[in-house]
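Taking it in order: structure first as structure tokens, then the write-up.
Think of it as A, B, C and D in the order they're written, each chain with its own count starting at 1.
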Amino acid sequence: MTIMQPVGVLSFVALSAVLFALGLYGALSRRSTVMVLMSLELMANAININLVALSRFSAPAEMTGQFFAVFSMVVSAAEIGLGLALVLALYRQRKTVEIDAMQELKG
Amino acid sequence: MGYVIAIPLLPALAFGVLAPLSNRARNAAIWVPVAAVCGSLLLSLAAFARVWPGGHEGEAVYRASAVFATLGSVNLHAGVLLDPISAVMLVVVTLVGAAVQVYSVGYMHRDERIGWYFAVLSLFTAAMLALVLSDNFLQLYMAWEVMGLCSYLLIGFWHEQEAPRKASLKAFLTTRVGDVGFVLGLAVMYATAGSFDFAVVLHGFTWVPATATAVSLLFLFGAIGKSAQVPLHVWLPDAMAGPTPASALIHAATMVAAGVFLVARALPIFQASGVALTVTMIVGVTTAIVGGLLAAVQHDIKKVLAYSTISQLGYMFFALGAGGIVAGIFHLMTHAFFKSLLFLGAGVIIHAAHTQDMREMGGLAKKMPVTTATFTIGSLALAGIFPFSGFWSKDEILTVLWTEGHYVVFALALAAAFVTAFYVARLWFRVFTGPEQTPELAEAHAEMLVPMGVLAAITAVIGFGSPYFARFLGHTGAWPEAGIALTSTAVAGLGLALGWCAYGRRTKVINTRPLKERAGFVYDALAMKLYFDLTYDYFIVKQYARLADALWAFDHTVIDGAVNGAGAIWKAGADVGALFDTYVIDGAVNGTATLVRAAGAKVRRIQVGRIQAYQGLMVGALVLLMLWFVVKGA
Amino acid sequence: MTETVNGAVFLALSFATIGGAVMMLSTRNVVHAAFWLLEVMIATAGLYLLLSAEFLALVQVLVYAGSVSVLVLFTIMLTLRRREDAIRPFEPGWSAGVLAALFGGAVLFAAERFFSQPRPGVMPETVPDVAAFGEKLFGTWAVPFEIASLVLLVALVGAVWWSGGEGR
Amino acid sequence: MLLSAIVFLPLIGAIVAALVPKDRAGIARWLATVVTAVDVVLVIFVVLRFDVGAGMQFVERAVWVPQLGISYHLGVDGISITMLLLSALLSLIAVVASWKMDTKPTTYFAMLLLLEVGMNGVFLALDFVLFYVFWELVLVPMYFLIGTWGGPRKEYASIKFFLYTLFGSVFMLVGIIALYLQTGTFDMTAMIGLGLPATFQWWVFAAFFLGFAVKVPIVPLHTWLPDAHVEAPTAASVLLAGILLKMGTYGFIRIALPILPHAAKQWAPFITALAAISIVYGAALAFAQTDLKKLVAYSSVSHMGFVMLGIASGTVEGLNGALAVMFSHGVVTGMLFLIVGMVYDRTHTRMIEDVSGLSSQVPVAGGLLAFASFASLGLPGLSGFVGEFLTLLGAWKSTVPAGWVVLAAVGVLLAAAYTLWMVQRVVLGTPSHAVADIPDLSVREIAILVPLVALTLTVGLYWNSLLRFTDPAVARIVALLAGA
């Protein structure tokens, strides 16, 4: 297997999985809310790659994956917008962006 | 004949008009209910005339009904049934009702809420009329409950004071105990016969003895509550906290007699059972004696009359238990007249003497001739002295007992008659003879005296109608037998004589202590109302309150605690997950050397990093799920 | 006729994405992390080009690289009281790492199973162009697209409302 | 389109109300009033055009997700029409009762309107997915109504309410999915009379039972109710007691009985037992309360026990009675909560020991409270009696153990005990310090109580005013039960 050999769909999926796992690790471990949100973006990104790649390899004419990716992007853009607004609101209230500051759900 | 429907509707309309008004407008409009009940009285007399010369019970002269509920194939009716019994009851209820309302105009004229008083009185009259006219047991029950409401409202009429408030609650709840039985009786009846209509369940359905016993005993339980029979009699004496005319109408003449009316109506079912008749008789005779004995030790004039009512209702019950429907209903009627007469008289006496305690009364005969005369007529009727109405009806009851062969009950009934005569004498001599204790005694106004006069006149003459009454109800009537009449008169005379010996010969205020000391524990027991109230209060009311409190504690500690506990366990699970995270996984990675330091740093995280702990759990579960799918797929 | 993806280009791009992600998570400076995220996004756009999704690549650059990163940077700047606060303590999060690794491994394993016959990197040739993409977007997918734009609008309003002036 | 309009008109109102500037609360208030009033008019129109003999009417059906057999399916029959009327009317009353709300009024009215969407939707939906969506939709505004406008322990109460009901609805969802997998459709009407396997029915019924029982609530799943009621603002209490509780029993009648008739019979003795225990237990607990709202809340537990008793009986009388209790309890308890709220607005206390002598100081309020109390304890001639009596009749007639029916009948007595004990201390007597100088009800307050009083009297005096709608529908369900 040489470097120049054509790449199959599995490679894309694998890449996506690794990226997703990295994002997951970040989302679970970081205590800065901003970092958590960034990690979430990473995960969303990984999924988009997956969508596009699978669509390209299986049914390129339909482009369903691409459309889904578009919608997914919209949603994640909305999500990060809201998330960051939330961070700002949190910061104004608690003067910190630590995730520990959000304990309303603590019983 | 359509006007029969108007008989209960007139007072109902009066209530409908008065109830939404403001207090002041209501007070100005009390002529509305008085006019309504007078109208009902006239219509009732017309209806009675139409039924004359009578016939068998259930043979309707007029019947009308309308469907008010449809359940599958069953229709529930509201209707009127005019037959001899209901015609009699109509006249009794409207006559006493009219007398009481006219009397109340004088008696209550200074009360701030007289309008409300008249409104409730009207509602009561409407309900009672709907009850006696009812052509089915469901409507009867509904009217029965509405009467309970009116009774509650009138007993607690002066609710600013503690005693009426408590008495009203006690009355409603005690009668409602009986009503539970009544409702279940209705349920059994419906499940068995599929209807509530008299025409079906009384005359068109063959009862199996077992279900007949169930239905009739449950009905009897309801009647025991409403008619204040032992053991549910405790509410009636307390109910005297209400206005006296209301006591006359509701707690003497009409509502409490509804239980008797119910048993009389349902008598075919009782007869199908057999056992139920015996039970009715036992309840009645027990009540007659207990009520009489308790009446003999009361000092409050209204309570004497209340226990007397209980006792007399017992009379009606054992009359019915012996199968003497004519005797029972006749006694109901005569008792309604003379007892309401006595209550109205007691109202005048209380107004004049400014007390209800007989020990503080005396010598009223000289200053209040009209009251004395009418009250004396009522007393003699109650004691069963010829020619007043009580003599005739009591005699009929005794005759029924004798001819049906209930000799033990006959003897007990005579004993009850003796006690009755005794307490009547005790009451009369204490109030009307002896030294005057109240200055400025004066006779009452005409609007109070006229109704009393009317009732007294009826009491004096109605007994002579005894044989015709029986024929009116479709039975054979006869004049009293000499033997029984003489026996009962002799017993009553003995009772009066004993009363005179004990209370009539005094010249100064009597001291009751010697009697108390001689009677010893018997007197104590009677003074404590035979411990019924204490027993109920301690064993039922207090224990229920304790049970309720205990259940409440149970609810918010155990049940709610279990719920909150489940939440806590879930939370603890998350904490354990975090601990596991801290000690096991981290420990394995960092090695035991750094364990203590890491733990110190991470203990903080147990408390705070909860969102991500949940996320972690979620992902962990997802991993497991995926692995399972992969393994399964492979 | 089929097309292929050049292995070398793919390798380079995936190195850029994964490397960027690793750097983003390993740096202790939040500002640096934001820039590494930007790098990952741009590399992803390259991957999209490789998959002949030109429009997506464009959107990726515009939305993520352009706006989101700026948004993130703004937030970081707004919430930092001192410059030194950008440096965060090292947070290894071992358990999270284990979990993520397990998850990633599981996905890889599953993918490997699922695509049991690794086909050569051959992909169908018929690739619609951006014009076709646009036609479909505003034809078949018009309604969802409008809804998506509404979602975005609502989110924007919400974000403004939340992050808006004092007194809330 | 009529039913869709009834359901979604409040949604439009809610969106617009939420967009109203905060300092223009008056607009939101009037908007909410007009929208709910129009809804009431539409519902009355439906009631007038309703053919009592026919089954589902005003049916609307549209394809939604055909691949999964999900459709947009609305319809109204004799069971839902009474609830629909109650829901629309109580929503209007809740809005008018909140006239003086000054904490975030625009959001508040938007929430009330959103709540009405969910409530109307639940009673009209004939597709399980739609039903579930509306069912869950109800939770959200109620959560916020309690959590934002509630009393001192609002956080605890709202979260408890939310988690409890969510817990229940998860089981319901499981039931729905199981039914879907078995039948391949989400259409409720299509699932009736399929003769599903007995064991399957038993398990699905169990899932639905848990889901609905929390909502009813049946002892021992009731502890969210007093907390939620006590902390909720008046209007939310009214809707909670008046409508939300009925969703559970409505679910039993609409879903559990017709679709799972065989299981319903198997479960009947168990439900009867729980119902009788609920009746007595709720009554005893109500007796022990010192807080007026808690007393009314526990009385709801007791009354809903009668509904369950009627449902378990599976007879014409019992089911008609259950529907009558549902209607009457909505009206009467609504009235009780409204009056308690009005008294609270004036005295700032709900403690029974602090309030007395209402009838002397404020005769209208005291009189109406007494009226509602008597309706609640089941006085004949008022609506409460109809259902209580019919459920007892039905339960006795059915095959369920008679002992439980006797216990339930004792509940009638206990209801009188706690109600009159409350009336005696609160309405009667001499005015206490807190009551000393309070004004009587305003015209607006009387105006919202009058329709409820009128309904109480109408249903109580002429039972067929309600039963004419329910009876034919009940007959169909009883036929299904008989066939199982």
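Convention: contacts are C-beta pairs under 8 Å (C-beta built on N, C-alpha and C of every residue); 3 or more make two chains touch, one makes a residue touch a chain.
On a predicted model such as this, the values are computed, not experimentally measured, just so you know.
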Write down the chain pair with more C-beta contact pairs when A-C is set against B-D. A-C
With centres defined by CA atoms only, which chain is the most remote from subunit D? C
Whole-Å separation of chain centres (CA-atom averages), subunit C against subunit D: 48
For the pair subunit A and subunit C, the C-alpha centroid-to-centroid distance in angstrom is 6
Need the CA-centroid distance for the pair subunit B / subunit D, whole Å please. 34
Taking each chain's centre as the mean of its CA atoms, subunit B sits from subunit C at a distance in Å of 81
Going by residue number, subunit C touches two or more other chains at 96, 99-100, 103, 107
Going by residue number, subunit A touches two or more other chains at 24, 28-29, 31, 107
In subunit B, which residues are in touch with two or more of the other chains? 567, 612, 616, 619
Which of the chains touch, listed as pairs? A-B, A-C, B-C, B-D
Enumerate the contact residues on subunit D facing subunit B in the complex. 160, 163-164, 219-220, 222-224, 281, 284-285, 287-289, 316-317, 320, 357, 359-360, 363, 374, 379-381, 385-386, 389-390, 392-393, 395-397, 405-406, 409-410, 412-413, 416-417, 420-421, 424, 428-430, 461-464, 467-468, 471, 474-475, 478
Touching residues (chain side subunit A, partner subunit B) in the complex: 24, 27-29, 31, 99-100, 102-103, 105-107
How about subunit B: which of its residues touch subunit D in the complex? 23, 67-72, 74, 76, 141-143, 145-146, 149, 152, 156, 159-160, 165-166, 168-169, 172-173, 176-177, 179-180, 183-184, 186-188, 190-191, 544-545, 547-549, 551-552, 555-556, 559-560, 562-563, 567
Give every residue of subunit C touching subunit A within the complex, in rising order. 4-8, 10-11, 14, 17-18, 21-22, 24-25, 30, 33-34, 37, 40-41, 44, 47-48, 51-53, 55-56, 59-60, 63-64, 67-68, 71-72, 75-76, 78-79, 88, 91-93, 96-97, 99-101, 103-105, 107-108, 111-112, 115, 118-124, 126-128, 132-133, 136-137, 141, 144-145, 148-149, 151-152, 154-156, 158-160, 162-163, 166, 168
Quick check: in the complex, which residue numbers of subunit B touch subunit C? 581, 585-586, 589-590, 612, 616, 619-620, 622-623, 626-627, 629-630, 633-634
